[in-house]
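Okay, so subunit A shows up in both of these, paired with subunit B first and subunit C after.
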Partner chain A sequence: MKPEAEVKETLRAWIIKANGGKIKPEELLDDTPIIEERIITSLQIMDLILQLEKITGEPLDVEQLKPGVFKNIDTIYKNFCSENNRGGGEA
Partner chain B sequence: MPTQHEINFDSLEGLYWHKLGQASFSGDLLNLFHQLDQHFVDWSKKWNSAEYQFAPFLSSSQMKKLDYFKSFPHLLTIPVVIDDDKDNLKKFADSAIDEQGKMNLSQLGEIREVLTPAACYHIYDEMEGSDFPHTQYVTTRCVCYRREKSYSPLQRQWAFSMREIVCLGAAEDVKAYLADFEEILLQFFQSQNLPVKFEYATDPFFNPATNPKYLMQKLDPVKKEMIYDGRLSIGSLNFHRSFFGETFSINTSGEPVNSACVAFGLERWMYMLLRERGLKPEAWKLA
Partner chain C sequence: MASITETAKKLCEISQKAYLNPYTYINWRDEMPKEQWFMTPELISIFGTSEYEALNESQRQILSFYEATNFFSLNIHGEKSLVEGIAHRLYSKELKEFAAYLHHFLDEENKHMIYFGGFCQRYAGKVYRNRKMEIPREYAKGEEDFLFFARIMIFEELVDVYNIRMSTDEKLEPIARQINLVHHLEEARHLVFGRLIVEHLFEKYSPGWSAQVLQNCKSYLSNYIVSTWKEYYNPDVYADAGIADPYDMVEKAWNCESARKHRAKVSSKVVEFLKERKMIDEEPAL
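Let's look at the complex of A and B:
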């Protein structure tokens, strides 16, 4: 797994691109709520999952996803990319 | 914890049960239906809600905007007509129904409507293209149609009555409305000694694993159900964010409205009261 800062930057770049440039890079912080503030839509969630599978190199079981795991960049990193806590089971 | 009462639906006075999932009421049961609905309407008055009565059909083009045909095709009920070509009508008239009661429809006419599956859809349809300066509160009761695999009196019906109280406006007003209503309901269930708990839920999507909307509801729960006796949803609180505002161009001060609805299934509330309080009408009174 790549270093935390690098993974978060990859996620940030993906989210900004998916958002179509409406949000500026400096506005998208690690704790900015990306679903609640509709920075990404339901249609883009599937693409985000594919992106995460690419980053982690592992398939992701959508049935196991719990509320809050995609809340912001921090929770995504913590739940899917951190070595200590993988799999999307915690919010 | 009060003892629950057994209900024999075959001999329940005032109920006529149609085996394909519909219930007719008379006498005390009909009074209970009206009493419950009035209770919901009284709640709606806290927000000075405007009451509407809607027609039973919704246009299929409006339903397409909601992505309903992809998300819930299994629940849909569609009113059909026979194509009015004279020969076609004669063909239908001569063999309209077989011995098992199944209809032979011959050639169908154009179908552009569906029977309403949720009361609040009519509100967004009615308000399409509007822009209002203040948060709006609206209530309506509709007969809703949802096809199911099996039916059970008062608990799971093809046609059932739904009362909804909807808030449309700025996000903070809509969130405050939901929080206030949840508090009112919590206190109500407690004071009436009714075993109802709130649980996060998702809508019954078709092929949920491939539907991004289902995934979104799992990740960011916006639906809370009122679960009676740990098994039966008697109502729900739903936060739509700006989905209906954007879909139907409903704005407040130029911005798409946020919206939320609180929905009550009348027959299921009747079931709960019969089960909890027994068959004597004097026991059904709500404080």
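Let's look at the complex of A and C:
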């Protein structure tokens, strides 16, 4: 797994692209609520899951996921990419 | 309202006459060699890419097996949420006069999953996993029902184009062809009902929605068409077919110009339906 800062930057870049560039990089903080503020839609979560599988090299089981895991960059990193807590079931 | 009620009654009569036993309709074979066509080549998700061109006939056929398994799997996932939603609305105040037809709807969708699941479990040993996820939110009055039936209609309209094409493709392995045929025959009735109920709910509720709710619905439906298509590009399929870098293949196949044209062509009928009725404003980003 890549270092935390690098993974978060990859996620930030993906979110900005998915948002169509309407949000500026400096506006997207690690704790910015991305679903609540409609920066990405629930329909784009499928794409985000593909990105996370690509980053982690592990398949994700959507049936085990709780909606809160996608709240912001911090929760995404914590639930899918940190060594202590992978798989997305903890939010 | 009279016309939709009358149509639902007629659809009930047809469904009763066309009633099928899903356990005897298909004569399942024990073994299924993968070196035959299971999906029409032009409908394979990576068709038109250099990676597809590099495959020999046998590799393309094996890929067609996994693509068909994915097509059947995404139908299972789509129909699972459909069955959940219809069961939840059965005998509801809004839809009680259509309850008789909704029973057929449920019955037929359950049968479709028996066919799709029968193929996937017997011959691939699995159903490909779902990656779609909906986040719960608040809805305006009638918005949730409208979006539910609009999602069903979009999903089924796209699938039906594939079903029609593959039900008449003589190259296809007979069971794969038969599943596409039976699905098309029953979905044709669901589509008639689907278009009417979507129009009915939109006409009834959208005048009471704020401009923001209406705009959100339009954007949602446009994006839903895109996300439905994304399920056709599954890295698990590419990995099973032995294609290198399956996640990169998803992006390449999605961005391939001929694939974009294919998606626009297959979607044109449902997009036109939605645009004509002002349910979407813009072309989906296909």
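The rule is simple: the second predicted complex is superposed on the first by the 91 of 91 C-alpha atoms of A that agree within 3 Å, B and C clash if a C-alpha of one lies under 4 Å from a C-alpha of the other, contacts with A are read in each partner's own complex, and residues count from 1 in each chain.
Simple rule for what comes next: a contact is a pair of C-beta atoms (placed from the backbone, for glycine too) under 8 Å apart; a residue touches a chain by one contact, two chains touch by 3 or more.
In this text the structure is predicted, and so the values were computed from the model without any measurement.
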Contacts of A:Ala13 with subunit B and subunit C, given as first, second, both or neither: neither
Subunit A residues touched by each partner, larger count belonging to subunit B or subunit C: C
Touching partner for A:Val62 - first (subunit B), second (subunit C), both, neither: both
Which superposed partner A:Ile45 touches (first subunit B, second subunit C, both, neither): both
Contacts of A:Glu53 with subunit B and subunit C, given as first, second, both or neither: second
First (subunit B), second (subunit C), both or neither touched by A:Ile35: both
Subunit B versus subunit C as contact partner of A:Phe70, first or second or both or neither: both
Set of subunit A residues, in rising order, touched by both subunit B and subunit C: 35, 42-43, 45-46, 62-63, 65, 67, 70
Residues of subunit A touching subunit B in the complex: 35-36, 38, 42-43, 45-46, 62-63, 65-71
Partner subunit C, residues of subunit A touching it in the complex: 35, 41-47, 49-50, 53-54, 59-63, 65, 67, 70
Subunit B residues within the subunit A interface of the complex: 200, 209, 212-213, 215-216, 218-221, 241-242
Of subunit C, residues touching subunit A in the complex: 129-137, 219-220, 223-224, 226-227, 230-231, 235-236, 247, 250
